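Next up: the structures, one after another.
Okay, so subunit A shows up in both of these, paired with subunit B first and subunit C after.
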Partner chain A sequence: MNVNIFTHDLRGIWLVVPDTLLVSVAILALGIVLGMILYVLQQRNNFIIRSICRLYVSYFRGVPLLIHLLIFYYGLPVVLQVISTAFNLHINYEHLNPIYAVLLSYTMYSSSFISEIIRGSFMSVGQDQIEAATALGYSRAQAFWKIKLPQSLNESVPKFLNYYVLLIRQLSLAFMVSFVDIFAKAKLESAINYRYIESFCAAAVVYWILCVVLTFIFKKYENYLRRYEKVVVV
Partner chain B sequence: MLKVDSIVKKFGSKTVLNGINLSVKQGEVVTLIGPSGTGKTTLLRSINLLERADEGSVSIEDLTVTNATKDKKKILDLRRKTAMVFQQYNLFKNLKVIDNIIQPQVVVKGVDKETARRRAIELLHQVGLSDFADYYPVQLSGGQQQRVSIARALGLDPEVILFDEPTSALDPELSKEVLNVIKQVADTGISIILATHEMQFAEEISDQVIFMEKGNIVEQGSPRAIFHNAQNERTREFLKNYQQYVSSDEKKVEVDKFEEVERLKVI
Partner chain C sequence: MSIVGLFEQLLTGVPTTLFFILTSWVLGFALSILVTAGRVSHHKWLYNVLGVYISFTRSIPIILQLFLVYYGLPALLLEFGIDLSAIGKMYFCVGAYVIYYGAYLSEVIRPAYLSVNETQREAAIALGYTKWQMQTKIVIPQTIPVALPALGNEVINLVHQSSLLFVIGVVDLMGQADEYISENYASSPILVYFCAGLIYWLLTIIISRIVKLAERKSGKFLYAKGDSQ
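Right, the complex of A and B next:
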């Protein structure tokens, strides 16, 4: 192990950290939007809509993320080609940025988990809370916006943040479609000089630091959100 | 002022309320007593429409909601003339004590926040919890939580407050502070319907006592008439059994205390 190569690799890898964090944020945000839609559709009493949702969830959960990624990577240009010839549009589908495949596959995959987080967080709001609001004269909408949503957010936001830390690590699969995240950068660094151990150790250190720091911050935030559930001795 | 007219409520094939009539005058305190499972809670919940009756109607002043009423606005309006105090307090757990009293005023009555806050401070003072404004509900004892929930109800200036066994989750010491607050509320001239197992308190506070059994009103009258001169055999029996039940319950508390002391010794 050569320390100079290690620090050199470390510096190189730090450069892609902002992109990795940013893409993970985008995936999380899109995943929450899609997960919310999925949750709302699942609450409908329509058999067909619910069956489609169930199919969607079971497909995206049942197939490994890597496969989704590759299907989107190779499938997206084909779909775009069909669309652009059908509508006579001029879409450049041959040199598509891999980020689109990454965003789509990760978002859809995540949404199937996130809709469950949302469902669980709404279910965690006690019936007694809603009943108290109703009994005091809150309308259904008021009870939702003033009581149910705030309480369920305090439950779900920490879970979203945990999922975010997971996403950062899962993004390492995206090197398969030549998206450069922390892991992909480490691979590139090592390919230059065949010093694998240095660059992967550097990647490990970066992942580890990110994980520890983010988890620490998120935990503090979670404790803040849940402050009303703790008995604080005064 | 409040009138309940031949309310019938069924859960599945089970008739829980079997044609209940009830009227409450302005400022009157009405207590519901009767064995467990008799329908006291269901009656209170039907009055503020948490449960919709299968037959009959509820009126407060000039507003009437029957089993057939679909108009959401009307239902909400009637509900807003009542406020409910639950056995398990049901405070909003994510809100501080003061916000538990402010928010309903803002949401339900459209009061501006500053006015609501001033009112909340007054109410907290009234229930003896001025020092606890910035606490969260879990940080309070059961008795304190129940007093907050009474303050929360009062903030809405309801025509009538419905109390569903407000002290049965509390031990006697804590019950007393809650009962004192309820007594204060009664003195302000607000109408009260109270389901309770605290017979002594019922006798002290009520203008009208209603003995219910199996979804029917068996007997009703002044506290004197019910507790000392009941006409109905069932009423007398209930009160007699009740006395026994209470005294054996007290014994049980003593035993628990004894065990507690023993346990502490061991530790």
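Right, the complex of A and C next:
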């Protein structure tokens, strides 16, 4: 264990942290949008739409993320080639940045989990709340925006933040498609001088600090969100 | 190259995957019980030491832990004169995953264990149960149904995360897919990975069915809601 190499690796890895965090934010945001769409479609009474949604969720939850990533990595250029030739778009599909495959596969994978979070958080607001709102003369839109949404957000935002911390860790798989995040950077650093222990320990330290700090902040925020909830004394 | 040949090759990797899942699940579960026992014991230092272990393991992606164990551990031990080069890859893989799941599962089991109401324990003692009887007859049967759904999710997680093993050269299901692609230049990686994905999908569905069944079976241990108040 060489301390100099360790600190050098640590500095190198620290440089990719903002990118990792940013890409994770993008995936989370896109995943929430897609998860919301999925949730709305699942609430429809149309049998075909519902079965398609169920198949989608089952597929994305049933197959490892790594396989999704590789399929999108190899599949995206093929799809773009077809689109490009069909519409004469001149897309440069041969030298595609791997980040598109990462974004697309992670977003679709996350959306299947996020739609469940959204469903659960909406269900956590009891029907009696809506009845009370109706009795007070709220319109349906008002009942949704003023009663249902704020309460379900209190429920879902902590879960989204938890998912964000998970995403940072899951992004480590993206080294397979040569996307550089914390883990991939550690791998690159170790490839220069074959000092595996130092660079992997440095990556572990970075992950540890990130997760502990983020979890601490998110926990504080969750307590802040739940400040109006009744404290049950047992 | 045919789709049947592809599936035949992929299926030869399934026993390795299943064997790996079973061993690391059983050992990881055993470790997590020990960790939970340490966490709920009255020793403050044990609680804190295990807390550091859990925090570290849960903060770090499994792939990094695999690399730490596979590349880091032998290099570290070599400095102390211990040579690990003769040990097979599979041992490192199982070791890394057991450490990982020991922490993860204990965070599932501990809340479930603590969810059993204190009054239950008091009642058991009042009825003259020994400590061992109290645990095996009262506390653990009530812990199982609470912990099962999350434990089932973790099994599925393990199935999915076992697909990472091919990165260090284990020839499991994913490793067979990788091998097939490098042997058959004409093959489409999309199709091969998709077929491997289908097998993983099938495994996931079967396992979640089994977990559902176990949940229904263990539900009878559960106290009717509202009784404990």
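Simple rule for what comes next: the second predicted complex is superposed on the first by the 230 of 234 C-alpha atoms of A that agree within 3 Å, B and C clash if a C-alpha of one lies under 4 Å from a C-alpha of the other, contacts with A are read in each partner's own complex, and residues count from 1 in each chain.
Please note the rule applied: contacts are C-beta pairs under 8 Å (C-beta built on N, C-alpha and C of every residue); 3 or more make two chains touch, one makes a residue touch a chain.
This one's a predicted model, so the numbers in the text were calculated from it and none came from an experiment.
Superposition of the two structures on subunit A shows subunit C fitting alongside subunit B with no clash.
Contacts of A:P18 after superposition: neither subunit B nor subunit C is touched.
Looking at the shared chain after the overlay, A:R227 reaches subunit B, while subunit C stays out of its contact range. Judged by the touch definition given at the top, the superposed model places A:Q142 against subunit B, while subunit C stays out of reach.
Among subunit B and subunit C, the chain that touches a larger number of residues in subunit A is C. Legend: residue contacts after superposition of the two complexes on their common chain; A:E131 is shown touching subunit B, with no touch to subunit C. Applying the stated contact rule after C-alpha superposition, one finds that A:P150 touches subunit B and leaves subunit C untouched.
Minimum Cα separation between subunit B and subunit C in the superposed model: 13 Å. Interface residues of subunit B facing subunit A in the complex, by the touch rule stated above, are 48, 50, 72, 76, 79-80, 82-84, 86, 88, 90-95, 103-104, 107-108, 135-139, 152-153, 156.
Across the complex, subunit A meets subunit C through its residues 1, 58-59, 61-68, 70-71, 74-75, 78, 169-170, 172-173, 175-176, 183, 186-187, 196-197, 200-201, 203-204, 207-208, 210-212.
Across the interface of their complex, subunit B is touched by residues 126, 128-129, 131-139, 142, 146-147, 150-151, 154, 227-232, 234 of subunit A.
Taken together, the subunit C residues at the contact with subunit A in this complex read 55-56, 58-61, 63-64, 67-68, 71-72, 75-76, 156, 159-161, 163-164, 167, 174, 188-190, 193-194, 196-198, 200-201, 204-205.
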